[in-house]
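Paired with chain B in one complex and with chain C in the other, chain A is shared by the two complexes that follow.
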Partner chain A sequence: MLQALADGLLQGAVLSLAAAGFSLVFGVMHVLNLTHGVTVLLGAYLALLLWRILGIDPLLTIPLVAALLFALGYAYQRLLIQIAIRRASLMSTLIVTLGIALALRNVLTLVFSPDVQAIRPSYAAEHISLGGIILDVPHLLAFAASLLLLGLLAVILDRTSLGRIIRATAQQPLAARLCAVDVEHVFGLTFGLAAAFAGASGVIVGMLFPFTPTTEGYWTLYAFVVVVLGGAGSPAGALLGGLLLGVVGSFTVRWIGPAFPNAMAFLVLVLMLLIRPNGLLGNAFGASR
Partner chain B sequence: MTSMTRRDFTRSAAAGTALIAAGSRARAQTAKTVTLGGSIPFSGSQANTGLNVYEGYKVVVKYVNEKLGGFKVGNELCKLDLQMIDDASDPQRAVTLIQKQIDEGVNFFLGSFSSAIVLPTVAVTERARKPMVQAGGGSDQIFTHGYRYSFGIYPRASRQLNSFVAMLKGMKPQVQTISIAVTNDPYGLPLAAGATEALKEAGIKLLETYKLPPTVNDVSGVLSEIRASTPDVLLAITHEDISTLFVQQMVSTGTDVKVLYMPLGPEIEQFRKTLGKYSNQLLTLIYWEPRVKYSDPIFGNAQAYYEWYKANSSRVWSNQSVAASCCIVCYVTAMQKAGSLDPTKVRDALAALDFTTMYGRVKWTPEGDGDPVLMGPTVGQVQNGAPEIVYPPDAATSKLIYPMSKWAERT
Partner chain C sequence: MRGRAIAIAAIVAGIALLLALPSVLSPFQVRVLQNLFFAAALATAWNIMGGFAGYWSFGHAGFLGVGAFAAALLQEHLDLGSPAAALVAGIALGAALAAILAALLAYPVLRLRGAYFAIAMLGVSLVLSELASNLDILEGGVGISLIAVGPEWMAPEVFYYGVFLLLLAVSLAVATTIRTGKLHYGLAAIREDEDTAPMLGVPTLRYKTIVFVLSAGITGAIGAAYAFSLGYITADSGFRADVGLDIVVYCLLGGIGTLAGPLLGAAMMIFLTQVVLGNLLQVHLLVTGILITTIVLLLPNGILGAFARRNRRSIPAPVVAATLSPPIGHGDAPVLMLDNITVQFRGLRALSEVSLAVPPGKIYSIIGPNGAGKSTLFNVVTAYLRPTEGVVRYRGERIDGMSTLHLSRSGIARAFQIARPFQGMSVLDNIMVGALFGRSGPRDARAVTEAALRITGLTDLRDQPASSLPIGHLRRLELARVIAARPDLILADEPCAGLNATETLDVERILGDLRARGMTIVLVEHDMATIMRISDHVCVISAGSKICEGTPDQVVRDPRVIEAYLGTPASKLVSASLTTAVD
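Now for the complex of A and B:
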C-alpha cells in the first residue's frame, strides 16, 4: 500500500508539471493547446541533444531548454494563435493547434527518426530504500524538480508584476486593456511561460520514460485530464490533479490490474465532470469573470 | 515557304511509320513492371519498426532491378515496383489504402508492421484473392481464419516461444517460477497463451500474468509485485518502447530476476544503444544473424545479402528487415516457378515453396504461417552489446550467461 502510494505520488508530480503549462494557457486564454504534448517532447529532444553531444546532465539543461521554448512559445502565440483567434474564433485554435501538432510530430520524426530514445544520466540506476519502500533516484529528483518548478510558477503568478498582469488580463481582458495593458503581448508572454514549463517538464519526462515523436499525444491527453481534475489556471490545481491521477493509476495497478489505469483515469475524469465540472480547485481566474 | 510534294509526304509518312514501329519494338524489349503494393507505418507509433520492414523490402527491389536487371517470368523480363504507402500505424487507414490499391489493379501485396495492422489488411487481400506475403504480423488470428492467399514469414505467435521454454527446461540451476507481462494486443496475447501452455507442459510454475495496455509509461506497480513474488524468470512480451521502459524501471528500482526475456527490443540496435550495459544478458528471440551460411536464389548467399543491405540501407539490420527481404525473395521465386503473373497461379506457387533463402529455409504450414520447426526462432542473448545465439546448442554462437548479473553489479 505504501509502495503504491509512493509510486503514485512520484508519478503524479511529473504529470502535474507536464500539465502546468496546458493549465495556464487554458485558464488564462481559454485555448485548448493541442501542441502542448509536442512542446513537452521538444524539451525532451533538446535535453537529449545537449546530454548526448555536450554531456550536460539533463536537469542542468532545464534553464536553457525553458528559455528556448519560452521564445518559441511567444512567437507561436503572436504569429499564429493570435491571428487565428482574430480572424476566426477561439474554436479555430483547436484546428490550428491540432494541425501544428501533427506537422511538428512529423518534423520530429524526420529530424530524430521514429526510434525510441531515452536520456540515461549517471544516476539513472540508483535507488534508495526507506523502510522497505523502494524509491528510485531519477523519480525522486524529478519529484523535487517538479515541486520546485511548480513553486516557481506559483511565485511568478502570485508575487511578480508579470504574474499580476497575467491574472488581471485573465480575469478582465477589457479592463486590463483600458488600463493600458498590451493584452496581446501578455497572452504571448503567457504562452511563452507555458511553453517554457512544458519544455522543462519534457526534460524530466525524457529522463524517466522512453519517448518517440508519437508519444506527444499522451502528454496532451493527460494534461487535459489533470486540468479537469485539479482545475485550470493555477499550479496548485495542476499539482493536485496530477497527484490524484498518479495515485489513482498506481492503486488501480495494485488492486485492479495493470491493464486498467487508463480506463480508471477516464472514469474519474467523467465522475469529476459530473460532480465538480470546474475541477477540485475551480478555475483560478474564473471568480471575477 | 516551301510546299510539300506528294513524294515528300510519302517519304515523311514512311519515316514516321518506321519510327513508330521502332518505338513499339523498343517497348516490347523493356521490362514488364510487377507492382508490389501494401502499406507501411512510416509514421505513428509503429514507425520505428515499420521503417525496418520497409528497408528490408527496398534493398531487395534495388538488387533485383539494378544489380540483376530484372528477373524472368516465363520468357518475359520483369522489374519490381515497390508501392508502399504510409498507413500512419492506423489499421483503418491501412485497410482503405490496400482496398484503393486493389481497385487500381495491384495484384501482389507485402505486409505492414504489427499484427493489429496486418490482421485487417489480410482480410481485404484475401477477399480480393490477391496474395500477401508479410513479415510484420505473427498473431494467431492471421492464420486461423482459413485464409489461402496469406503467407507469414514468422510462425504464428503461440508457437514462437517454444524454443525459449525448451531452453528454460534444461537450465541449471533449474528454473522454478516465471511471471509474464504482456501487452494486451493481437500479437502479445497469443504469444503469452502459447508460452503459458508450453510452460505448463515443462513443469515451470507461472506465478502471474500482468496484462498491460498498449500505451503505458509507468510499470513501477508491476515491478513492485515482481519484487514481492521474486520469480526466477520475467517474460516481457512488449513492443520496443515498453521493453525499454521495463528495463529502465527495473534498473532504477533494483528489480532483479535470473532471466529477463523480451521477444521485441533487445534485437534492435537502438534499444541496445539506449540501455548500454543494461541491455547485456537480456534474452530475445533471434530469427537471423549475419554469420549464417544460407544459400539464396537471388543474392547467392546470406553474406552477399548482408553486404548489400549494409551498403544500401541507412538503418541497421533487424529481424524484421531481413524477414521483409525474404518476402520478396519468395515472391520472385514463386513467380518464376509459376511462369506467370496471374495472382492465383503465384499463390499456388507460394504455397508450394520449400527452399532455402538468405533468411533460412522457407516452408509454410497449410495455414500460411512459417513452419515452427524450420522457421522458428532461436534464443539470443545480448553479450557485449551484440546479440548472440545461445539456444539451440547446434546453432549457438556463444554460451548462455545464467543467471543474469544483478543490475547494481554491472560495470
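Now for the complex of A and C:
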C-alpha cells in the first residue's frame, strides 16, 4: 500500500512536470497542443545525444535542452500556430498540431530509429530503503527535479513581469493589446516557455522510462488527463492532476493488473469530465471553453 | 423529365463501369480501389458525425476495431455453416456492437465539445485497443485467424472490391438521407451554436446520439468486413489508430460536411500514398502530417468548400395559406403567471416576492433601473434560473425547472439581446431551423419561413450568410427565427439595444405586427421611448421588488417610479420630460 503510494507520487511528480507546458498553453491560448508529446520526446532524445556523445549527466543537460526548445517553441507558435488561428479557427489548431506531431514522429523515427531507447546514468540501478519502502535513486532525483522546476514555473508566472503579462493576456487578450502588450509575442513566449518545460520533463522522462518515437502520443494524452484532473493553466493544477494520475496508475498496477493503468486513467478522466469539467482547481485564468 | 432520365442513365452507366472495372485492371489496381472504397466508406461515416454535427471524433478506430473483433470472434466460436453466412453475421454483429457501444458512450462523451470530445474519443479507442490486447478472451495479443469467405472462383481482391463498394454505397445512402432531411438542419444548428439550438426546439442530445450511433454502426460494419479482408487480426491491426486519424484528413481535404468531400479526399490520399508513394512507407506519416497542416492553412474548408456555395441561390417558395398566428386559440386567462418569485444568490436577494400576470395578445414590458433584477426575472421565466421560492406558470402549467427544449416545444420563444445567429448558415437556413423545429411542422416550414422573411423585411437578404449581416439586420433575423417557430409567447430581451432610431422603429413595427397576429410578448427594455410607444402594460421593478404596474401613462406619472429611476422625489421637470416621451 505505502509502496504503491510512494511509487505513484514519485511518478506523479514527473507526470505533473510533463503536463505543465501543455496546461499553460491550454490555459492561456485555449490551444490543445498535440505536438506536446513530441516536444517531451525531443527533450529526451536531445539528452540522450548529449549523454551518449559528450557524457554529460542527463540532469545537467536540462538548461541547455530547455533553452533550445524555448527557441523552437517560440518559432513554432509565431510561424504556424498563429497563422492557423488567424486563417482558420481555434479548432483548426488541433489538426495543425496533429499534423506536425505525426510528421515529427516520423522524423524522429528516421533519425533515431524506431528502437527502444533509454538514458541510463551510472546511478540508474541504485536505490535506498526507507522504513521498508524501496525508492529508486533516479526516481527520487526526478521527483526533486520535477518539484523544483514546477516551483520555478510558478515563480515565473506569479512573480515576474513576464508572468504578469502572460496572465493578463490569458484573461483579456484585447485589453492587453490596448495596454500596448504585443499579444502575438506573448503567445510566442508562452509557447516557448511551455516547450522549454516539456523538454526539461523529457530529459527526466528519458531517465525513468524507455521511449520510442511512438510513445509521444501517450505523453500528449497524459498531459490532457492531468489538465482535466487538476485544472488548466497553473503549475499547482498540473501538480495535483499529475500526482493523482500517478497514484491511480500505481494502484491500478498493484491491484488490477500491469496492463491497465492507461485504461484506468481514461476511466478517471471520463468520470472527472462528468463531475467537474474544469478540473479540481478550475482554470487558473478564468473561464475556459 | 429529361434531366431525370439523364441522371438515371448516368447512374446505370456508373454502376456498370464499377462492375466491369475489376476484369480490366491488374490485381494491384483492384486492391488500390478496394482500399479506396474502404477509406471512402469510413470517411463518409465519420463525416455524418464530424461534418454534419461538428463533432470531430479522433477515435473512430475504436469502432472499427470493435467491428473487426466482433466478426473475428463470432466466426471463431460459432460455426454458421457457410462462409457467406459468417461474413453477413459478422458484419451485422460488428455494426450492432459498435452502435451499442456508441449509445452507451453517448451520455458521457456527447456532453463534451470540440477538442474535449475529439481527445476523449481518442482515449476511448486507446482503452479499447489495450483491452483487446490484454484481455485473454479477446485474443488480441496473439491474434485471430479468419476463414476465407469469398467464393473460390473469385480472386479475393475482386471479392472485397465488391464488399467495400457495397459498404460505401450504404454509407453514402445514409449520409444522403440525413443530408436531405430535417435532421440536417438540426445538426447544422448544433454545429453552429449548440446553446441556441434547443431554444429553437432542436432536440440536441437526441440528434447527436442518433448520428453518433449511425456513424459508429457503419464503422463497425466496415470493421467486420475489414477483418475478413485481412484474414488475421491483432489488437494493433484491428484498432488502427492511424486509420482513425486518416479519415479525419480525408474529410478535411475533400471538404468537411459535404457529401462528395470525403470521397474526393479519400481518393486523393489513397492515390498519393499507395500509388505515388507506394514504396515510401517510411515517410508515410511525414507526408500525411505535412499534408494535413498544409490543407488547414491553405484550404480551411477543403477542396469542395473552397469552390462551393458562392453562387447558390434559393428559389422563393410561394407563401401559401400558412398563417403565422399561434396554433392555439386562447381566451382571456393570463398566458404567463409569476407567483411570489424570490431568487437568492447566497447573500444577495436578486428578486423578492415578485408576482405578475401577463394577459394574452399584449405587449407586456418589464422596466427598471440597472441592477433591478430584470435579467434575473427573465432568466427565471426562460428556465435558465430556478427560483429559490415561487412558481412560474405558463397557461396554467408549471414551468419553473423545465428544460429549455420543453419550453420551446410548448410555445415559448426567446429572442436574445446579443443576437446569436448560426454564423455559417444563410439567413434563409437560419429561419428554416426555427420553422422546422417550431410548431408548424416540416410541411409548412418553407411557407412559414417566407412569411417570417417578409414580416421582418429580410426577403432580399435571404441568401446572405448570417455572418455578413450588420447588427440591425441581425436583430431582425433573431426575431424572424423566433417568429418562424410560431410561438405563443415571445420573450424579448432588449431587442432595441444598440440600434439607431430607424432600426428601433423597425423592431417596434415587427413587434406590433406580431401582437396583431395574436402573439403575447414580454419585453425587457431600457429605452423609455420605445416602452411608452408600444407597451400595453408596464411593470416596474426596482431593487428586486415590483414597485408598480399599469398602463404606460399610469406608470410614468407614478412618483415611486420616478424616484426609483432618479433617486430624488419627483420634480416637475423630470415628470414633464418623461411624459413627452409618451407623446
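Assume the second predicted complex is superposed on the first by the 286 of 289 C-alpha atoms of A that agree within 3 Å, B and C clash if a C-alpha of one lies under 4 Å from a C-alpha of the other, contacts with A are read in each partner's own complex, and residues count from 1 in each chain.
Methods note: a contact is a pair of C-beta atoms (placed from the backbone, for glycine too) under 8 Å apart; a residue touches a chain by one contact, two chains touch by 3 or more.
A quick note: this is a predicted structure, and the numbers were derived from the prediction, not measured.
Asks: So if we stack both complexes on chain A, do chain B and chain C clash, or do they fit?
Replies: Once chain A is superposed (C-alpha atoms), there is a clash between chain B and chain C.
Asks: Quick check on the superposed pair: does A:Q11 touch chain B, chain C, both, or neither? Answer first, second, both or neither.
Replies: So A:Q11 only meets chain B here.
Asks: Would you sort A:L2 into first (chain B), second (chain C), both or neither based on which partner it touches?
Replies: In the superposed model, A:L2 contacts neither chain B nor chain C.
Asks: Counting only touches as set out at the top, which of chain B and chain C does A:N262 meet: first, second, both, neither?
Replies: It touches chain B and chain C both.
Asks: Between chain B (first) and chain C (second), which, if any, makes contact with A:L152: first, second, both or neither?
Replies: A:L152: touches no partner chain.
Asks: Does chain B (first) or chain C (second) touch A:A175, or do both, or does neither?
Replies: Neither chain B nor chain C is touched by A:A175.
Asks: Have a look at where A:M91 lands relative to chain B and chain C in the superposition and call it first, second, both or neither.
Replies: second
Asks: Please work out whether A:L80 is in contact with chain B alone, chain C alone, both, or neither, and reply first, second, both or neither.
Replies: second
Asks: Looking at the overlay, what does A:N106 touch: chain B (first), chain C (second), both, or neither?
Replies: The answer is both, since A:N106 touches chain B and chain C.
Asks: Of the listed segments of chain B (98-106, 242-250 or 332-340), which one clashes with chain C in the superposed model?
Replies: Once both complexes are placed on chain A, chain B clashes with chain C in 98-106.
Asks: Overlap the chain B and chain C contact sets on chain A and report the shared residues.
Replies: Common interface on chain A, chain B vs chain C: 105-106, 109, 257, 259-260, 262-263.
Asks: Which stretch or stretches of chain A touch chain C in the complex?
Replies: Touching chain C: residues 32, 80, 83-84, 87-89, 91-92, 94-96, 98-107, 109-110, 217, 221, 224-225, 257, 259-260, 262-263, 266-267, 269-270, 273-274, 277, 289 of chain A.
Asks: If we count contacts the way the header does, which residues on chain B are in touch with chain A in the complex?
Replies: Residues 43-45, 47-48, 50-51, 89, 181, 184, 210-213, 215-222, 224-225, 227, 240-241, 244-245, 248-249, 251-254, 270-271, 274-276, 278, 407-408, 410.
Asks: What residues on chain C touch chain A, complex-wise?
Replies: Touch list, chain C to chain A: 56, 58, 108-109, 111-116, 118-120, 122-124, 126-127, 130-131, 133-134, 241, 245, 248, 252, 282-286, 288-293, 296-297, 300.
Asks: Residue numbers of chain A touching chain B in their complex, please.
Replies: Contact set of chain A toward chain B: 3-4, 7, 10-11, 105-106, 109, 113-118, 120, 124-127, 134, 136-139, 208-210, 212-215, 218, 249-250, 253-254, 257-263.
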